[in-house]
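A, B, C and D are the chain letters, set down in written order, and residue numbers restart from 1 in every chain.
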Amino acid sequence: MTGIDKSFPGVRALSQARFQLLPGEVHALMGENGAGKSTLMKILSGVYQRDAGTILLDGRPSEIASPREAQDRGIGIIHQELALMRDLTAAQNIFIGREPRRFGILDERALNRDAQAIFDSMNLRLDPTVVVESLTIAKQQMVEIAKALSYRSRVLIMDEPTAALNDAEIAELFAIINRLKAEGVGIVYISHKMDEIKRISDRVTVMRDGEYVGTVPAAETPIETIISMMVGRTLGSETFVVPNTADAPVALEVRNLNRGREIRDVSFSVRQGEILGFAGLMGAGRTEVARAIFGADRRESGEIWVHGKRVGISTPRDAVASGIGYLSEDRKLFGLATGLDVRNNIALPSLERFTGPGGILNDAAMRDAARGYIRQLSIKTPSETQEARLLSGGNQQKVVIAKWLLRDCDILIFDEPTRGIDVGAKTEIYKLLNTLAAQGKAIIVISSELPEVLRLSHRIAVMCEGRLTGFLPGGTSQEEIMRLATQREPSMQVRHAG
Amino acid sequence: GVPSIAQDNYDIALISKGFQHQFWQAVKAGADKAGEELGVKVTFEGPDTESQVDRQMDMLAAALSRNPSAIGFAALDSQAATPLLEQAKAANIPVIAFDSGVDSDIPLTTVTTDNVAAAALAADKMAELIGDEGKVAVVAHDQTSRTGIDRVDGFVNRMKEAHPNIEVVSVQYGGGDQLQSTEITKSILLANPDLKGIFGANEGSAIGVANGKTELGSDIVVIGFDSGAAQKGMIKSGVMAGAITQNPVGIGYETVKAAVGALKGETLPKVIDSGFNWYDATNMDDPEIAAVLYD
Amino acid sequence: MTDATAPAVRSSPRVSGAFHRLLAFSGLIALVIVFSLASPNFMQTQNILAILQATSVNGVLAIAATLVIITGGIDLSVGTLMTFCAVVAGVVLTFWGLPLPVGIVAAILAGTVSGLVSGTVIAKLKVPPFIATLGMMLILKGLSLVISGTKPIYFNDTPGFTQIAQGSFIGAILPALPIPNGVVILFAVALIAAFVLSRTALGRYTFALGSNEEAVRLSGVNVDRWKIAVYATSSSICGIAGLLIASRLNSAQPALGQGYELDAIAAVVIGGTSLSGGRGTVLGTLIGALIISVLANGLRILSVPQEWQTVVTGTIIILAVYADILRRRSL
Amino acid sequence: MTDATAPAVRSSPRVSGAFHRLLAFSGLIALVIVFSLASPNFMQTQNILAILQATSVNGVLAIAATLVIITGGIDLSVGTLMTFCAVVAGVVLTFWGLPLPVGIVAAILAGTVSGLVSGTVIAKLKVPPFIATLGMMLILKGLSLVISGTKPIYFNDTPGFTQIAQGSFIGAILPALPIPNGVVILFAVALIAAFVLSRTALGRYTFALGSNEEAVRLSGVNVDRWKIAVYATSSSICGIAGLLIASRLNSAQPALGQGYELDAIAAVVIGGTSLSGGRGTVLGTLIGALIISVLANGLRILSVPQEWQTVVTGTIIILAVYADILRRRSL
């Protein structure tokens, strides 16, 4: 692909972008949020049509007018935003458009058998007849991967396939990638996780602001060089000092929280100024705990104490009124009102603050507030009136963060706050979390990336199958976390630690 | 008839109460016939249902905007039309009322059927056919329109006054929709196994009643209203005992004729009664009856 | 991913499909019980047959609407399309005097063509289904009047025509069970539609489109073609409804039809199909249509004054759906 | 990520909002031009006033429907609710003989209460808006007949009543411009609704609910309360429509109203508001309502036979929306 241009209303997404993929290589495509990676790959897979430029397949100029044509030419893609039919089963999703038939009638048995075969080859335990809506994001992502594999493409594009996966799943995915590579499949790999790039890719192409920056061999190039190519400068790698919050007052205390099998007798507390990390495997119940505290789901029993006072939280409104903010792990579904503009998304929980007499809104104040956060968090958007759905994934995430910052909550629960966010922005968000903690806010960070949990947390709570299996100090090791994360019964450690 | 002389390109707008139903199509046919004979342009419009009073106002307003030579108007609600009729008067557009009267002195004449008397005749015929005692029911088209009210009242009151041994056990409304009227009839019959007769108060209702009777294989007496090929066929085959007919073709014809007369400065009687008749298998082929029936 | 780390998918003990489906009948059964207790006339064979007969036209229309609604679309034209197809049958059989099978094929084909038109307008021109089918509703309403000459067309010259809905094949064989053909046709259409939805590619894409149209497109499926196919199929079913109503009335009534779409859509929604698409069942729609007819019939049998019938119907429709929501929540 | 690295966002020259809005009129303007050329009677003051007057009721109803549709809901009861409010005014003014202002307040309050009921059923009982308002449509239709005694109620004892829609304040001041009050009220309602939508918390939540209700809930907003508020506001506007139609007809016609919801929703959708919620404008709705009335009026003025009027209206509605889609795409 050379000289690719692409504009959207109000945005020039690509300008003279370039990319080259060899058979049997894993080629990482890197760049900050909004650099144009997804757009370039959507052009290659027939989703978008380019404004200018040429695409050569096997050396011949090619037009790829539709996803169908891309498939026919052996180009498969796993989209960054899950593109699943929520009401269909996993198997039905995988083979959509290619259903096995007998005498013109769908052969569900063969369908499920074929899907099961793919799952088996991925070492994935998943029932092919389960409706995807009831799966966790991680499982849904695995279905997407299974679907892409089922095409047996020559070129496979993976746009942030690991954003929702945990380490074991990532290892499994990498095994699959290595197998494909050996079969001569060319793989485009997009990710914001720098360690993965080193582990898996052969070459790295970096994009910035829709333009081509350069291509380097992965093995020989230091991470710092790649990062500076991405952001156009070098990032200092700050180390964070763990402050002593031992005698700070407790901001949030949760006692004996229960909800079916997902949450079993969870108790913990967070102090002001403390960052409490939540680690655990997929499905450990961390999200459930967060949602139950926030009042998004009903809890069966358990008490919540805020600043030493018991609060009755049964709806998110109660939680917000008690000063709790929750950044959901699925921003498309739960975080953003995608049709509203950036400004209104940021102001949504705080609308009352901007409401004057007669319910009339002070739009100027809202605009100023929104612009402040756009600057502070470097949200890349043409203006504060851009619709949120038109922002790149990472920038959408920042909008959600901004809305809780504006709401000025004392207790913040971040569920996968850096999912799909580029290194630069990640560092920004880490800094931000530290600043917030330093300001005395109590912070809970749920993350499936152990290095992130380790780097951020003052203290780490580990969950397994709905139980809190123990607390670890901030500087602990990954092995220690994994031990607790796979431990079925609560440990000896003090249950009400902290 | 009348010699076909060009009448200075008269343009006569008829605003009726309905359009799609056969009764109104028959009125339209009569109006068109008069238009052809008298050499005037006639347009004909009406709302979808007889409850859409305001739609009719919009039609009347649009007709006035067209600046026609005369207007024929069958008011769904005569009060509602007053301001527009005033406007017509101010513009010197003669107005002829048809089908039912307009509470106003603006219309120069009214071409109409006495629906109360017509329904009373249906009641008398029903009484005669069921032996002046027993239970009967009414399936009518509309609970609030003038014709709906008049025909139900005419039938029910006549029964009370003249036939005390007859009880009207149910009055239901099917909007003139044949299928809905069929279902209603079947429910009434099933709920009242000893029912002796049903009066269907307009064409759609009457056909629905007869359908319901056929589908249940009942032998009640069905009396209809208006004509049309279906009702005529049902009367011939005996499913329906008979029906009251107005003279819709005559209403349309007389309305246009009266309008032309008014434009030519003739004086018109206050009311032009278009009349009604009882018809059944015995008399439907009589020339004077056949003339007022339509297909 | 490995056995050690992936927890077994913890699916809560699922109520078996059959039981679930039985529960869906609860609203209908409750109504039937209430009316049976209230009036001895309700539970008569004749009345049951009357209710089924009354369900046939709306039921078939509702099944047609179900297909479209599962794709996330809507079809406001089902009622006037039904009429249009009936009028086409009238033109072919009565005006042109062609034999009965030709008329039947013509009516269904008229539906198919109309569906191809709406489907194309929706899929290719991207006109929202609501507007496209609203437009078609008006166009078909006008055309029915135009081609019929604004007069009903009678089928007196086609003797077998009334048999389509009113005759009873079953009754001819089992005189104790005089189920009218119209009812048999309704159930046949329901069975076929259920089969198409669950076992054919068309059905699969119907659900897929309603679930996430963009994802289907990204999967390389020819979304437009399948969407048009769904509308064409649905509209062909409206053609069957047209034959049923024409057969029942022994005439094609060009003025009838508008308003029927609301009953049909109501049946679909009462039956648990979501207007946002992606889920729905023919069985549910059938139950929804039956609830509507049972209500109408029962209230008339009880001689409830008509204005109150309307009030009660409105209330019960809301309650029926609310009960269904409670039932699902408790599962 | 600092200012140095974040590139100036390259926004392509944006079509100014005003121009965009002007273009939205194009369908309407095209119709007006065609009809003006086709008939000299079209562009007469009297006729323009007739068109505006004919728009007033549907326009107000459509504005009410706009609010609900932006939340992603639908209100099928707008037509029968309008009638219900008119009947309430009739009861208060004619049966009880209370003074005019009481009747006006009662009609609007009747709307509010009905909206609170539907809103509560939708927000608290989670009944889908389609079903909840379908039920309300029937309930209100029945209640109108019940409380009016199935007869029209005339306002002959309340002399000022016809002035509400038919009088002309403007004409009293500027005799050259006898714009009926009904039209003035339509525009006033439009202005207020536009203001509410764009500048108040209620309006902001209306859009937010339609955009992603779950996200709004998780932002700590009392979603139920705001949703109920939207339905109550919308229904109060239906109360105004009830006063308008009653004043135009100098009577409350209890049987009227069903079917009006379709015209109102059509106006909303023609005006570019999406049925899936989250976007829409009052101006668009106003244009949509005008397109419908201009079409009806123009075709009548041209004396197009009524059956063809329907066909042409259907076609033009589809084309108007298609043109709008093309225009948006080209921007």
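General remarks:
Methods note: a residue touches a chain if its C-beta (ideal position, glycine included) is under 8 Å from a C-beta of that chain, and two chains touch if they have at least 3 such contacts.
Since this is a predicted model, take the numbers as computed values, not measurements.
If you take chain A and chain C together, the chains in touch with both are D.
Mean C-alpha position of chain B lies 35 Å from that of chain D.
Centre-to-centre separation between chain C and chain D, using Cα means, comes to 30 Å. Distance between chain A and chain B, defined via averaged C-alpha coordinates, is recorded as 71 Å. For chain B, the set of residues that touch two or more other chains comprises 48, 143.
Residues of chain A found to touch two or more other chains are absent. Counting partner chains per residue, chain C shows two or more touched chains at residues 145, 150, 258, 306-307.
With chains as nodes and touching pairs as edges, the resulting graph is of another kind, matching none of line, ring, star or complete. Of all possible chain pairs, the ones that touch are A-C, A-D, B-C, B-D, C-D. Residue ranges on chain C touching chain B, taken from their complex, read 39, 41, 44, 46-47, 50, 53-54, 57, 145, 150-152, 154, 156, 166, 180, 245, 248-251, 253-256, 258, 293, 296-297, 300-303, 306-307.
Only residues 20-22, 25, 48, 143, 169-170, 172-173, 177-179, 182-184, 186-188, 190-191, 193, 207, 211, 215-216, 228-230, 233, 295 of chain B touch chain C when the two sit together in their complex. On the side of chain C, the complex with chain D involves touching residues 76, 121, 125-128, 130-132, 134-143, 145-146, 150, 258-259, 262, 265-266, 269-270, 274-276, 306-315, 317-318, 321-322, 325. Residues 1-7, 9-12, 14, 199-202, 204-205, 207-208, 210-212, 214-222, 277-279, 331 of chain D are the ones touching chain A in the complex. Residue ranges on chain A touching chain D, taken from their complex, read 7, 9-12, 32, 209, 231-233, 294, 296, 315-317, 319-321, 326, 328, 333-340, 344, 348-349, 351-352, 355, 358-361, 363, 375, 378, 380-383, 403, 407, 424-425, 427-428.
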